[in-house]
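Once you've had a glance at the structure underneath, I'll fire off some questions.
By written order: A, B, C and D. Residues from 1 in each chain.
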Amino acid sequence: MPYAIELRDISKRFGAVQANKDICLQVPAGTIHGIIGENGAGKSTLMSIIYGFYEADTGHIEVDGKRVDIRSSQDAINAGIGMVHQHFMLVENFSVLENVILGAEGGAVLKNGIGAARIELQRLAHEYSLDIDVDAIVEELPVGLQQRVEILKALYRGARILILDEPTGVLTPQEADHLFRILKALKDQGVTVLLITHKLREIMASTDNVSVMRQGEMVAHRETAHTSKEDLAELMVGKKVRLTVDKDEAQPSEVLLSAQNLSQFDSQGVKRLKNVSLELRAGEILGIAGVSGNGQSELLNVLSGITSMDEGEIHFAGQVITAKAPKDAAQMRDLKMAHVPEDRHKMGLVTGFEAYEAAVLGYHNSPVYNGKILMNRKVMLDECNERMAAWDVRPPNPHLKTANFSGGNQQKIVIAREVEQNPEVLLIGQPTRGVDIGAIENIHEQIVKLRDSGKAILLVSVELDEIMALSDRIIVMFDGAVVGELDAKDADERTLGLMMANAYNEEQEGVSA
Amino acid sequence: ATEPAVVYDQAGKFDKSFNEGVYNGVKEYTAETGIQVREFEPKNEAQVEQGLRRLAKRGYSPIVTVGFNMTSAVEKVAKDFPEINFTIIDGVIDLPNVQSVVFKEYEGSFLVGALAAMASKTNTVSFVGGMDIPLIRKFACGYEQGVKYQSSNATVLQNMTGSTGAAFNDPTKGSELAKSQFSKGSDVVFAAAGGTGIGVYQAAKDEGKLAIGVDSNQNHVQPGTMLTSMVKRVDQAAYKTYKDAAAGTWKPGLVVLGLSDGGVDWALDDNNASLITADMKAKMKDIRAKIISGEIKVHDYMSDNTCNY
Amino acid sequence: MSQAKVPTWVNIALIPVLNIMLAFFVSGLVILAIGENPIEAAGYLIYGAFGYDEGIGYTLYYATNLIFTGLAVSVAFKGGLFNIGGEGQAYIGGLGVGLICLSLDHTMPLYVIAPLAVIGAAVFGAAWAYIPAYLQARRGSHIVITTIMFNFIASSLMVYLIVNWLKEDGRMAPNSRTFEESAWLPYLHELLSPIGIEIGDSPLNLAFIWALLCCVFVWGLIWHTRWGYQLRTLGTNPTAARYAGIDTAKVTIWAMLISGGLAGFVGLNEIMGVNHNLLLNFTAGYGFAGIAVALMGRNHPIGIILAAILFGALYQGGAELAFEIPTITPEIVVVIQGLVILFSGALEHMFKDRIEGFFIRRAVA
Amino acid sequence: MFETLILMLDATMRVSTPLIFAALAGLYSERAGIVDIGLEGKILGSAFAAAAAAAVFGSAWIGLCFGILASVGLAMIHGFACITHRGDHIVSGVAINTIVAGLTVTLSMHWFGMGGQTPALVGDARFLDITFPFADAMESVPIIGQIYSNLLSGHNILVYLAFIMVPVTYWVIYKTRFGLRLRAVGENPHAVDTAGISVSFIRYRALIICGILCGLAGAYLSTAHNAGFLKDMSAGKGYMALAALIFGKWRPVPVLLACLLFGFLDAVAVRMQGVVIPGIGEVPVQAIEVLPYVLTVLLLAGFIGKAIGPKAIGRPYVKERA
């Protein structure tokens, strides 16, 4: 039997980045095939090539044993390929129905197509338990349902091969479970599923086969039944992974920062942060775990002063900060709070600036860098040179544009900037996202060192391993609220996972009942 | 030998009206003598003076300048180049090397006003002015007097197109104004509005009304619609400047041209002959004679900035 | 591997020059199409602009206006704001100058009037930029649209004020009375002749020196002050600006105020320097030309001076060209200006991506 | 009084026509995500091309074709810059406006030598007014007859076409496949791309329609409302249409109403010169002229409703992760 899809020597280069290199892949029909790899390994690029979003530089694709020429998404759709993108591709102010028929309208005038689509969607909903209100406006739907629209879009176009790119990144574990049940049902109908993720749990739980990508190359293929998490992790990063950090017992002392009942609404009036309270002590690392999009970003933004809360108060450095008496990010910095943002490109850096300029972002008003009228460039340069040496930033050139440093080195510039200000409290989001393993170790060491010097650290990460390796105490967030807190010693993946799904208490009750 | 030159104003020499009149004089002179006249069309204020200076420096003389807008520039340059002769049309400068030519527009306007009243069947006629300045009010006032002289109970509707220079170059608005006047009963419209007039005449043509041209003889613009034109012989002013200069008889000072010396008049040619009855012609001849003889006194708006006659 | 891959000279010299060449080339085609010889035309143009004292004076006089509006566009642009309202701001700036001159010229000497006029130009220009700026910063109204609207509003306002209030009675032209000489900015040829330097008579006046000072001011402000740092942060990455605790609304408003003030200085050159009365439409499109100047000058004061002189030369040379070849109208300069905006602005990626790609590939290989 | 009103409305129809064409043109373009401040340039370019061709060939229809060609050509330059080369939409629009302002004068000077004008158009070289059947007979019937014969009858064909374009546009935008895709492309081009539809192709087609409509606006100015081309004859109509587009919140019927309002203000302004209103005194015409712009600013500031445009407007589409 021919493979549902087969890739032969696919390569793709973006400027100087070789995103995919000589990729070969064979996927048997009616299976769920997992693809794993670190950030930037080239997974999305590869899938986008299959889906005709990008054109490969070399190589070709076969579907059901026949070579197909995929030059556009239309070609891919015609070949029976559907894709659910990492970032949804929906027109937010359109209805579900309009989104589904977009590109498959069935005629120049909409009227007929819409009627037919209504009936077909009912059938699909019935068959795969993909219920949805087809007249709802997409932006009013919760994320899980938006993803459902994406799946429906693919199925409506008769996809026999369904690609899902990190579908669970935005889902709670329950929603994820529901998704996997749907995938199972699809598989039973003969649909072939390609599932991208870097969560090993999901791979182990739901796939038949798994392929591993690293730095643009396909480095291994395994049958899921015959491999293990550890094995896969090692394949992913290319060397034995040390998932622990050497650190001594924490010596927490006085409370440096406390927040009470923080709430915040977004511009649509949706409550994104719900009565969050926490305390942060000197000499400890408080980890915040949770699926991304459950209020962690909002919490960091409120604590650091980037946005103000709508309810609640923060006590910090002898100040009481409330919605009526807010402090902006600059004032919080003056109170010795530092903040490494989750997204260095969007927030932490100005990629058009030279490194020495980016290295004072947020502290640019400090008298250290300023004369009476003009900024003191020499001081800035000298300091930048020193830090680049101390933090091993490569290349150590303060005049290089920030954009031209690699991800890991950019991150070092940001972390060095915040840590070297000698803050009392450090907020740090996703410290090692997109950073290679060597740099990860270095960054983790620095964080622990800061803790040991008696500072307080609030760590937000979606990587459970990182949370568990670094934190002394862990808070779990779900849907904008704190749903649990535990000592790092008591934390394990299962407990945290349940808490992140807000299912821990239910399960406990179930046990006791 | 003289090297004649002309500087038009910013409306350009093809404005179908004032500048074009001067241009016709220039053409006539060139056709007759074969001497090329150096022409310059400035595009902004700074270029007016710059162009004048450049011409003066290269020794062009006499230089005819067109329009009151140039008064201050000509004054400056004429002071700096006392050996160059300047003629300014429609402006007055008191310098020993400048001739200022102005016209009794009110006399010509009176004439066409009377004609308008004769031609009107509704006893309502109208006036579209360009920019709202005393010069244009002078036209309007003369016109009104002419109308009332002919038919003392006639209605004269008046509109100005605007209060900036753009009002001389806005045919769209001209046509809208004319249409609104027609809707109020006017059936003869006199436009003293430069390029804006084109729209006025077009509207008259489209609605089957009569129109009166201005400055140049515009009877050919819409034959059959143009009742007449109030010609202001700026062409002659330019032509005469060049001729006199060549003959050595050019003199500085103020020159005022009116009906008696042919400086203003009404135009009768093939294009409008069919619209003018013998009776009208006779009456016009009579009125014309009376103005020249002084029997009819036409009030000049600019003498006291009012139109009380 | 992470070195800067594209040499700096490519970005600051090669690409801009290529863009301008293309604009000139297409302009040459236009001249050819109307049956004239582009080479001959270029000859007149260059001679007219640079061939003699007076021509140079005129070139620099036009450049003065363009430096002001070019700086205005670039200051706003550094903050990520597209100020298309230079025209209106210049117009209202001129009103400020005119009002000061009209009210003080009988009583005060130049050294009192001039500084006040500078302030008047800046304050009036800035005030006209303030409303769009405020609306952008606090209410999220798009500044491009509001500044366009404000150009029209400025134009109507000026007509109203001049025609109804400032026009001298009995005067034909809609402009104010001529100022006394105590309110005239001295011409450079007058300033220089006592010290033995003779340059031809031209409208070039003290405002030109002020324009150069403004360049120095803008350069220091943007690249060497905290405020400039904040402005550039806001312009390149607004999210990072909020992260850095920059009050983005305040920076936005100040950027537009400075931009409007700079545009307002056109009034100094035109009203106080050359026309010596308050008149209509003296801005003559300099506000829009400032966009081309800023784009071509890469938003850097040095670049802006060079671009302004280039455009000043086009204006002056273009007038000379039209004088010599009457079939070519000075509007050809407007065409060239538009083509420069097209090629160095809208089509900047056309060459840039290819050339940078070429250098990157060379570096990778 | 009623008669005056009818006449005002009659003038409003004439004055609004180019605004309606141009604002609908902007609607197609901006709904597809392309900001178009080049409306002005396209109107002017078309006005010139139409008048020039009509003068040469003696036919308004041939003029119209050339006007449309010129305008579509300019729209394609805009597309080439903004779609193909991901250029800044505003800069491209400014460039086009500037080029056209210079080029029309230069070319007309060269071709006709009349200081940047075209010869006056006569006879078939212009679109003439159409009188409805029985219009004369109906004129004496009060109200209905007056409306019929003075307001509805007696315009040229382009005026009627402009009004017909509004329901047509509504239908195209909301009821057809093309319209669905067009709206989608202005909201989220990525979604359109992954649905297997070419973003560029849709945007180019939107710009072609935009060009055609601006072509109609320009041709109307020079060969219907007026009789020939004059330098800068678009006189800010493109910007006013943009204001109407925003004022109508990018929807066909409100856009029509905005155009009519602006046209009405214009018609009022024409008749207001020096008119003294009892109790108020002389209202400066400038105050009326400026109203459309002031209203648009107020709308943008959120003082009278909220103007929220298509989400992806003005942003070049690049295949990158958002």
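Here is the rule we go by: a residue touches a chain if its C-beta (ideal position, glycine included) is under 8 Å from a C-beta of that chain, and two chains touch if they have at least 3 such contacts.
According to UniProt, the chain labels map to these proteins: A = Nucleoside ABC transporter ATP-binding protein; C, D = Nucleoside ABC transporter membrane protein.
All values derive from a computational prediction rather than experimental measurement.
When every pair of chains is scored by its C-beta contact pairs, the maximum goes to C-D. Between chain A and chain D, the centres computed from C-alpha atoms are 47 Å apart. The mean-CA centres of chain C and chain D are about 30 angstrom from one another, to the nearest whole unit.
Chain B and chain D, compared by their mean Cα positions, are separated by 36 Å. Multi-chain contact residues of chain D (touching two or more other chains): 113, 116. Within chain B, contacts with two or more other chains are made by residues 41, 132, 163.
Touching of two or more other chains is recorded for no residue of chain A. If you check each pair of chains against the touch rule, the ones that pass are A-C, A-D, B-C, B-D, C-D. Contact residues on chain D toward chain A in their complex (touch as defined above): 175-181, 183-184, 187-188, 190-198, 311, 319, 321-322. Residues of chain D touching chain C in their complex: 35, 37, 77, 80-82, 85-88, 90-92, 94-103, 105-107, 109-110, 113, 116, 236, 239, 242-243, 246, 284, 286-287, 289-290, 293-294, 296-297, 300-302.
Put simply, chain A touches chain C in their complex at residues 15-16, 304-306, 328-333, 339, 341, 346-353, 357, 361-362, 364-365, 370, 373-375, 377, 394-395, 400-401, 404-406, 409. Residue ranges on chain A touching chain D, taken from their complex, read 44, 51-54, 72-77, 83, 85-87, 89-94, 98-99, 101-105, 107-111, 113, 153. Residue ranges of chain C in contact with chain A, taken from their complex: 1-5, 220, 224-226, 229-230, 232-233, 236-237, 239-240, 242-247, 357, 360, 363-364.
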